[in-house]
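Attaching a single structure in structure tokens format; questions to follow.
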């Protein structure tokens, strides 16, 4: 199975109203070409799941500026003042999630876990609307899995079967979102023949990947 | 911090009645020297967490033959007929856990997760004594985290700071148990100076490791 | 039907269910044979629950790798494009719905798709291993089994009597006598083995079989 | 007390809390300075929540790596023995209790150890990032803060008024005026800055401070 395709082909699966998960932390490990292609396609009413709101005009920031987002599930928007500036008027509905909880909710979505108990957020605004369980005298919030329609992933190396290697702090949410979405598009800096990457050094199995484009 | 030590030194933390987690799947990735050292120390009444019961006289099988185990938390004991033969008399109390649930319970123990919901085991004997939750019309069992006192881990390469690399199917439960135990002892085939292993290729961060012995 | 031919027919018939690119987990025993009969042009990747995707053939004697076994404790190899991972990731793949098809044997299966294949109380209690996660997680669960047990009793029951592995997860049952699909209405008899009649299959099945007139002969 | 000296004193004093081999997470701003003042013979490893252990110094101009930043979006380096991982593993380390000490700033902290440091409703709402997980998970939470806010009002309160980051997680508060330990009985004044009196510190603290006669001068 050769999963390498064109940007145009990969974008066929992106449509109005869907949930997109986006890799990257302060735009390190963000697939800029894929984000630009989503913006160019002009889709609207997206739900976007991303650790942060990108930097102004970069990464998720491009989707924000394009007013393509209806709902934003994120942990931190402080690096992108343009996000806050939209606040009153056209800003997307924003759901703030603690970073560890966001990572774990995405992992749960990919791992078939129906929910998990975390001590994070107990006694804070994060509790709102959530079931609270007490086990052995300790309080936990029941957090639910997050799943998406399309994942936009940035990798350092990919083989044509979709096995991925990430580099340094550009790994972050990328391998997680790939497990939690129906259709996973990877923007890879290097594309290798199948068999070139040592199977022990694969950081995300190709089983999770659907399409690869050259970054 | 040089974490390389002697077998004798590492075993100081192993005492009667504690919970030991053991890596390996059908004895591939089992730290045989560490198991032998535990047997030689003559500790009793252990709770052991291990995917299987080892092969006869190998891995966990050594602990079973030494009658060192009071309670055995495992997924499969079929490869070790000696385990079943002890059944009526001196066999340890045995708790059978689905393999995916066992992996996830250990991960939860290491990750500060208070419990998680899995569809695995719903409608089976595994339900017994467990809380059942229904979310969006689907039933889940609430499974609780597993933690241990000592982890016995087998690695292929370790640097002196405890960063580990595993090899092929010998990885299995080894990186998981290292996150879930207070004191983590690694038997490594190769021990390297700090800085030799590429930080991107570390499979388990040294943050989880306490002692390393030469395997 | 001769035991050996029956097993080969089951394996060959199941192999026809795969689509190119499928991620497949094969249980120990009969299901393992399925990999030998893939149709032309269909490539699948095999998941090995002990921690990899891309299970290959058995290594030649002398070329075994001490660190590479399959989930049945046999020395193994990997194909190009394989990837290794830990047991939590292995079951992220399983429980998270990333396995397209799993094929496994059973002791009993019933009209509601319940599966009992891991325990005979007091006799065989090795533990469930990864079976419970596998049948719950895989997109499609194919049961590969002899139609009758070794005493000649039906294994496809109105209701499982042994402790269950999972509730309502069997999608397709392929035996040496028939191919049976589980639907919302119950078990539908789709195909029968060459030389058998529908009546013979029905007689050897405890569960009611829905026959809607279009039963084919199993082609392999 | 001069702002700059106060910050340096806070950083130097906190650095004395570390033990050799500690895994430490430093928040953005003042806490980052702590790494500059490690005592002789104490080596720590810094956790960077965006995905690694072994955060090093800022790279020299021209040697930045586009794929290597710290959690505050500054180019970074790693020390020998570093390891990279994904965000779920990063917070396995955090929430699982594998961080020995975290140092972070705050807007408010109170006598029960409650911390409010991520939101001012209607004014500053960037999101909590990893702060909530960090203070819940780290074995020891050290608050590094000016004793008074920029309007001269106490930041150590009877009860936090801003939305909380976490309940009862602050263990030690180090300010430009004092070192305060949270105990089961309440906040204990342990040390005061050179040139200050106990009364001056108490007057500038809204929360009741327990003074048990043995208040030392902060040594750095």
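Per-chain residue numbering starts at 1, and chain names A, B, C and D are given in the order in which the chains are listed.
The rule is simple: a residue touches a chain if its C-beta (ideal position, glycine included) is under 8 Å from a C-beta of that chain, and two chains touch if they have at least 3 such contacts.
Please read these numbers as outputs of a predicted model, since none were measured by experiment.
Hopping across touching chains, the smallest step count from subunit B to subunit D is 1.
More inter-chain C-beta contacts link the pair A-D than the other of A-D and A-C. Once the centre of each chain is set as its mean CA position, subunit A and subunit D turn out to be 29 Å apart. Rounded to whole angstrom, the centroid-to-centroid distance between subunit A and subunit C, based on C-alpha atoms, equals 35 Å. Separation between the centroids of subunit C and subunit D, computed from CA atoms only, is 56 Å. Centroids built from CA atoms put subunit B at 32 Å from subunit A. Contact of a single residue of subunit B with at least two other chains is seen at positions 104, 107, 111-113, 118-119, 166-168, 199-200. Touching two or more other chains at once are residues 52, 78, 84-85, 88, 91, 94-95, 136-137 of subunit D. Across the assembly, chains come into contact as A-B, A-C, A-D, B-C, B-D.
Interface residues of subunit B, counted against subunit C in their complex, comprise 25-26, 28-29, 51-52, 55, 74-79, 84, 96, 98-104, 106-107, 118-126, 156, 166-176, 203. Partner subunit C is touched in their complex by these residues of subunit A: 1, 107, 109-113, 159, 161, 163, 179, 194-195, 199-200, 202, 205-208.
Residues of subunit B touching subunit A in their complex: 104, 108, 111-119, 133, 135, 138, 140, 144, 165-168, 199-201. Those residues of subunit C that touch subunit A in the shared complex are 20-21, 23, 43, 45, 47, 52-54, 78, 80-85, 88-89, 91-98, 136-137. Partner subunit B is touched in their complex by these residues of subunit C: 48-52, 65-69, 71, 73, 76, 78, 84-88, 90-91, 94-95, 114, 119, 125-133, 136-137, 163-167.
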